[in-house]
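Below you'll find the structure, written out as structure tokens, and then a few comments.
Chain IDs A, B and C follow the sequence of writing; residue 1 opens each chain.
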């Protein structure tokens, strides 16, 4: 009971980070029709910005994070306006290579601006009263972890409220379901795509800042998170925005279960194999209907 | 095992295809409802009906793209054996002698006209992948044989001059002919044409009508076509079957169908409806 | 003189190309070009081979794979193990080292029957990631230090290939380009046979392919088998060329790089793929002239983006465009002259 609760706490914390990343990726897939492979690198870059501002100018992790998120939004907007908007002649695979180009550019800029040494980013919350973690039935979760879970939930709930209940959310859904038709019906798809890149950038920055205390700020800090987020998208299915989120929490949980109960060496790989098998038998993912092909 | 069962089926003399009690539903909608008809050898048979009547679905059931819910589809194949097409693999249907065209021309735009035709006789290539990859003499010999056959068919259809042109840049009327020529590469017994005249002008439609008759007469094929263009149907088909909402309305000579009140109602609506 | 057939013309052009490439290590031996240039071009050849395989898979069969790096890595480790630890002869090692990834490639081919587009891309990315994790975690793969390999000896040690050493002839490069030549020859034959036509039909429309009697299962498996075969051959050559292989090379970015090669160079073109490999793997050769240090990496990314924006159908079309430009230029000149 104790261990399973501990695993659950740990999975909630990691899952929130994966879920933010998965949302950032699915938003762009659905509105821009590109898998943004540079997602993790943009997040990494903004984590560096956060560290820089925290160390040299603002001396507060909170303000640093705000600057980091704003810079991520700006980067997202630039990428959409400068590059992808002009890529309408490029086919889907070409667009993904564009994001590879972004990976290379960002990986080149980072050491130029911030040097080659990894940085440490502190937690948002270290102590509440005397202790640094909350203990329930012998299982503990750090207050910072709780904060991560909370922030993740707040941002996701806001996004889903926005998508489901507002006029702009309807525009997003219309673009996601059929971009050309939406455009013909007067939906400002350009603005939708642009804001998707901005929001995705912000989510990437959040995910990077939250994972940073445990992995340090370094160029490949987001690589495995990005892969997990991509797999979460496939597991949850591309048809909804909440599918990938469910997929992300599920992966976080089963990853812990597999590495704890089965094997710390093989566990994670085994989990991926099982997910692949699942997708083969249910290609549309957990959430989503099968689409009948018309002949 | 499948073959043993097939042996038990019996078909009438002179028929190529026998469809009995064919039904298929998508969700709650019956796209084809208890449809039965048969096609005689060396006949040009037309299937007509208003939009959404289920014509193409019938084709897709015959070629096994959609497995039908009930019914039998019997076919006298190239060796004059009676086979039940239902349950056959989609890619094996062509081996029984049925080949089809598509509503929206489905050609390979990166290939030349003659290479597109060679896809049509894919099933006749005997050499294995290794001799193909190494271009062994027998693979070369086989390739040359089929290229010659393709040239003959292009001549027959009258588009030999486009032989080496890329399909991508050709006019629509020629593409339709290329697709038709491709069906001939498989020495078919029954050719299924899905709206062959769609997108063609009057002159081209007339040529097509003549070409279809030529194929039947000179190559001993049976032809089954779905068409909206009544000129083509009336001018070409020996018999016509009219369906509406997946149900059979009438089968008969083209003229009879044209004058059939049920068919007219299906196309134009009942007079009561109009008065309302 | 007898007119050459398309195939003969192609073979001739490959032979000329390979012969010209073979001159490079000779030039390097006499210090006319730098040894480092040949080393960089070795990478072009190795990744070019893998990209030719991906070109058959993606360009011809319409199936995307982001697991290429994983397969390359797998065979590179086997090649290292078989030749260095088991002392197997090079060609035997090549055969076995290539076989195992091919089997996994066939399994992925089965997956491709059910998945397409993004789903297949990410599923294959997952396969690559699993392999990457295993490379790091399993002892056999040597963890973070990787495995050592050696430059191969051919014909029971009669020919000992060399490279990289000071004042020696880079004979390893000759082996690389001979294998590249063979791969080009095989690729040409595949795409100009019934197999290639079946691939293209499948890519255009699966329903049409089935109606023409093309067994999707069989051809998807063949496409995956061929592409993993080429990727694994490239992996083996990688290990022998660097005498080393480790997990850091075999990541998602490497898979994306191989994909970039065919998109940049031009899909469905053999020489296009090689041009792409040159741009992606040998950009240092022209980027190092830029005096500001550290900026070459940024320019490299920008170059990829710019090429894709301006040549979405591949750089191989640039020759066509240059020709047209010339014609336009001369026509205008003539026009001016007449006026």
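Everything below uses one rule, namely that a contact is a pair of C-beta atoms (placed from the backbone, for glycine too) under 8 Å apart; a residue touches a chain by one contact, two chains touch by 3 or more.
Keep in mind that this is a model prediction, so the values were computed, not measured.
Asker: Tell me which chain's centre, taken as the mean of its C-alpha atoms, is farthest from chain C.
Answerer: The chain lying farthest from chain C is B.
Asker: Report the chain ID whose CA centroid sits closest to the centroid of the full protein CA set.
Answerer: So the chain sitting closest to the middle is C.
Asker: Let me have the rounded angstrom distance from the C-alpha centre of chain B over to the C-alpha centre of chain C, please.
Answerer: So the centroids are 42 Å from each other.
Asker: Quick one: report the Å distance separating chain A from chain C, using the average Cα coordinate of each chain.
Answerer: Here chain A and chain C have centroids separated by 32 Å.
Asker: Just curious, how far off is chain B from chain A if you go by their C-alpha centres, in Å?
Answerer: 50
Asker: Going through chain C residue by residue, note those that touch at least 2 other chains and give them in order.
Answerer: Chain C, residues with two or more chain partners: 207.
Asker: Using the touch rule from the top of the page, what residues of chain B touch 2 or more other chains?
Answerer: 65, 102
Asker: In chain A, what residues contact two or more other chains?
Answerer: Expected reply: 295.
Asker: Touching chain B in the complex: which residues of chain C?
Answerer: 7, 186, 189-190, 193-195, 197-198, 200-201, 204-205, 207-216, 222, 268
Asker: So in the complex, the part of chain A that touches chain C is made up of which residues?
Answerer: Residue positions touching the partner: 29, 35, 37, 83, 86-87, 89-94, 96-98, 100-109, 111-112, 223, 227, 230-231, 233-234, 238, 265-266, 268-269, 272-273, 275-276, 279-281, 283, 293, 295.
Asker: Which stretch or stretches of chain B touch chain C in the complex?
Answerer: 63, 65, 89-95, 99-100, 102, 106-111, 115, 118-120, 122-123, 125, 129, 132-135, 139, 143, 182, 186
Asker: Report the residues of chain C in contact with chain A in the complex, numbered from low to high.
Answerer: 58, 64, 110-111, 114-115, 117-119, 121-123, 125-127, 129-130, 133-134, 137-138, 207, 251-253, 256-257, 259-260, 263-264, 294-298, 300-305, 308-309, 312
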